[in-house]
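Two complexes are shown next, each including subunit A; its partner changes from subunit B in the first to subunit C in the second.
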Partner chain A sequence: MSLSELTGRWKAFSYGFLDPSAKRELRRKMIKAVAVPGCQMPYASREVPIARGWGTGGLQVTLTLVKPASVVKVIDQGADDSVNAASIRRFLSRVSGASETWDTLDATLIQSRHRIPEERLSRDQILILQVPNPEPLRGVEPNMSTARQMHADADYGRMWLQLYEQMVRSGRVMLGASYPAMVNGRHVMTPSPIPRWDVKKLHMAEHLTILSAGREKRIFAVPPHTRVEPLVFDDVPYKVEDHANLTCARSGVTGYFMNEIPQEDGSAGYEVSDSHFGIKAIDARDGGTPTVGQTWYKNGELA
Partner chain B sequence: MLATPLPDAEEIRDNATFEAVLGALSRPGTVRDLPDPGPLCIALALLDRECKVHSQDETLSARIVATGAALVPAPEADHVFMAAASAEALEVIARLDTGSHLYPDDGATLIVPAKIGEGQALQLTGPGIKSVERVCLDGIHPGFWALRARLCAYPRGIEVLIHDGARLLALPRSTTVTEV
Partner chain C sequence: MSALMKEAPRLVRTQPLMELSGLSKSYGDVRALDDVSARVYPGEVLGIVGESGSGKSTLLRMMNLEESPDTGSYRLDLPELPEDLFALDRFERRMLRARRIGIVYQNPHLGLLMKHSSSGNVAERLLVAGERRFAVLREKAQVALEASEFPIPRMDAPPIELSGGMQQRVQLAKAIALEPAVLLLDEPTTGLDVSVQALVLDTLKRLQQERRITMVLVSHDLGVIRTMADRVMVMRHGRVIEEGLADQVFQDPQHNYTQQLVHAKL
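And now, the complex of A and B:
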């Protein structure tokens, strides 16, 4: 076997930016990630032309899956039009020829930073979450090797203790985002810093979710119809953010996850976090007929 | 303005193959279409110099060697291409690497031929399956299912990719298989 036999034909540019060997490695790891839901699989994490920590993990997964017929949606905290989301989306379409969309219903690949869209995802869609810190045990065990051993032993006692201490100290669990969740009854994962509002959308979902941390070089997945149960005590039910009665100041929708906008008088205004969902509501109010999908939450309650 | 890059034939094949593999694995029991019949497209989409492969088919082995992957005995392999029809085959499969609790990803991927839609009826439950899936498979030794259950001591285990021409079915280790 000589090097020239192993080398492919010269190309000015690899389709989808990543070279074929990077894609093959990601494919092998995605297979194992789907087979053991919620278990962090190490991978090489190649360089991509954005800084680590800005969505490189999600980007590598999307670049491996993308094809010219793909329709990509990229959101950053629910917004399609933030600089990070717009840049990643434009990069994806430039290197792959895939179409871009803001509409959750049209997308085949949805790369997201820290939100799951309000409209339900279907079985033909793949959600790719960017993960800054894939290790749910980091707060209680800084040593990665020890944390891996704890996952191997399903030893989550300190995780529970941390939750208990927060209850004792503050009267409630003091975790806004990244609420730890037990996947398939075996591995505790961090669902990436999605709000508590979104964690329940992963439980027995129709769609496949792939979570990838580029800087930390870990990939894990939640297949469709897989149990994702937030860690809660029997007598203290899981609580999502208290957004059920908030109304978006721009679109007028009520009962979805909101961004808090500080006002000049010191009070708080709210606007819906899923920006394109808000755009659809404004379009409908102005006499348009946008196609709005089924939502996970109805009147602020999980349907 | 940059020209829109176009995938070449290999990229199209590898992308379509992996889409089928990922779809089949995330929904065990559903049959997906491979771009080409046979296990070769699976090998080409997944294997390169980083892999250790066991193959019992000489033509396929030659193509696998050309990817740079090393041919090794079955217990050391991370990808295994063989039939599971005979008792001898089961002895080989019994010694496959199932990974460890520390690194479940070390568990092997087994790629076997079978007839999908006839033969032994199986009931599947587990992640990726809404309630219960039923499949029929022929060309697999009846002892394979008990052996698979023994190997798949979750989270350790092996993934089984079953190909029938250009049709693909996958059984990740998380799936519970019951013979009916």
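And now, the complex of A and C:
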């Protein structure tokens, strides 16, 4: 007796790749995460057809939220055209019938690895951030049970101690990405490895942000109009990357987060990290009339 | 009541700062504490002596609210605290420990983050208590380290690079950084050589005299207790078998075990 005789004829039994029970699990945990902003909710992470660590957490959330009318944008470190971003976007479109886009303004669902777009997101949009390591206390407390107890007690003294140590040793806070932030004055979260430049975009934002780690099986969220405050000392202000005066070599825009491109002569060139924002800027420079949304930053300063 | 008695001035009776009543604790079949009561008065040093397994460290852990007894109560005579501190939840205990109770452990690994800077270890206590100004953290850490006679040029060296005596000074600085109501010392000089022991004890004595810090000192070293303590409590098999002024206990021990202890030392 062959396997094909034992099994029924294949047919699509669920919409958007995930089975209904997986979606229900994701939905329930997302609601909990929204109800307690910044608090990590454990969930039964499913297998999806990409490897753990490549965005499985974000993909499961997107697959749960996606519908045929959705417009999906996927970015990988700011780029819409990287192999990973393109593969995920095409997969989402294929299993759900949703439209694909590179334009932040058109998208209803934005799945991202390591960046938040430069154009402001609106209340109708959902940002899904892929998170490799959801536990901000990992560096100061390797025991996961103890770390969860520390979250329950709001015992975050060691997080500040980490900042103190960096100030003592280097004269400044040395965290480039995953800068810990207090959400709604209660839970400290890691905002996934987005640069410091992007952390403040989450503060009192119009949009909903869902952060999901598939390998670590944790979901947390920042609902609209929620305080997200990076951990800082009262007398040492939060600093973003020093990109305010850098100019994109391709599009000519200044005052946005840039990728550093090493040059053959040893120097560095820069291009704007949000690739489609750069494309719009090039279009505008060449006489086109692209629709550019309001940006979070203006002249290198948070607007 | 006679008129004379009514008009007589009331005697001023000092309230104990710390009062533990009827503490009992068992670990399986082992009775670690058996109906132990203790009072500590403001500004005094209470020495607790006893052999290993006598229950003195368990008692100290309860004083530090790290552990709860099976029965018994614990009162600290400070404003806004409940009658029984064992009723506090984990968060409240942590805040009370951070703000009002200092502790120095025998093993510095229990009290310090060995790879963080020494000043950071002191700052941690201030951070837990809610201080968020970097400049103030630096200043207070330096003041506390100076008070414990730690060499300031080394204040940012991690304890793992320091000698045992210096590690104990860092622990002491951490413990006194917030001017605790009571300082608990769990064998603070055990494992140090005699000359370093003397230096650490000198520092403790100076702090006690200058700041009138109330201290509870646990040790099996009678010499240390004799040097530091105003009153002494002798423990054996989880019970207090003798208690009194230090001179009285050392010069005229009543209990057979205390007599053996004192004579063995002599």
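We adopt the following convention: the second predicted complex is superposed on the first by the 291 of 303 C-alpha atoms of A that agree within 3 Å, B and C clash if a C-alpha of one lies under 4 Å from a C-alpha of the other, contacts with A are read in each partner's own complex, and residues count from 1 in each chain.
What we mean here is this: a contact is a pair of C-beta atoms (placed from the backbone, for glycine too) under 8 Å apart; a residue touches a chain by one contact, two chains touch by 3 or more.
Just so it is clear, the structure is predicted and the values come from calculations on it, not from any experiment.
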Superposition on subunit A - do subunit B and subunit C clash or fit: fit
First (subunit B), second (subunit C), both or neither touched by A:234: second
Which of subunit B and subunit C A:89 touches, first, second, both or neither: neither
Angle at subunit A between subunit B and subunit C, C-alpha centres, nearest 10 degrees: 80
Touched partner set for A:280, first subunit B, second subunit C, both or neither: neither
Which superposed partner A:167 touches (first subunit B, second subunit C, both, neither): second
Which superposed partner A:46 touches (first subunit B, second subunit C, both, neither): neither
Partner chain(s) touched by A:28 [first = subunit B, second = subunit C, both, neither]: first
Partner chain in contact with A:153 - subunit B first, subunit C second, else both or neither: both
Nearest Cα pair across subunit B and subunit C, whole Å: 11
Subunit B and subunit C contact sites that coincide on subunit A, given as residue numbers: 149, 153
Residues of subunit A touching subunit B in the complex: 1, 5-6, 8, 11, 13, 15-16, 20-21, 23-25, 27-37, 39, 41-42, 64-65, 67-68, 94-97, 123, 148-149, 152-153, 184, 186-187, 208, 221, 223-227
Residues of subunit C touching subunit A in the complex: 90-91, 94, 113, 116-117, 119-120, 123-124, 127-128, 132-137, 156
In the complex, subunit A residues that touch subunit C: 149, 153-155, 157-158, 160-161, 164-165, 167-169, 233-236
Sites on subunit B touched by subunit A in the complex: 2, 4-8, 10-12, 14-16, 18-19, 21-22, 25-27, 45-51, 65-68, 78, 100-102, 104-105, 107, 109, 127-130, 154-155, 157, 159, 172-174
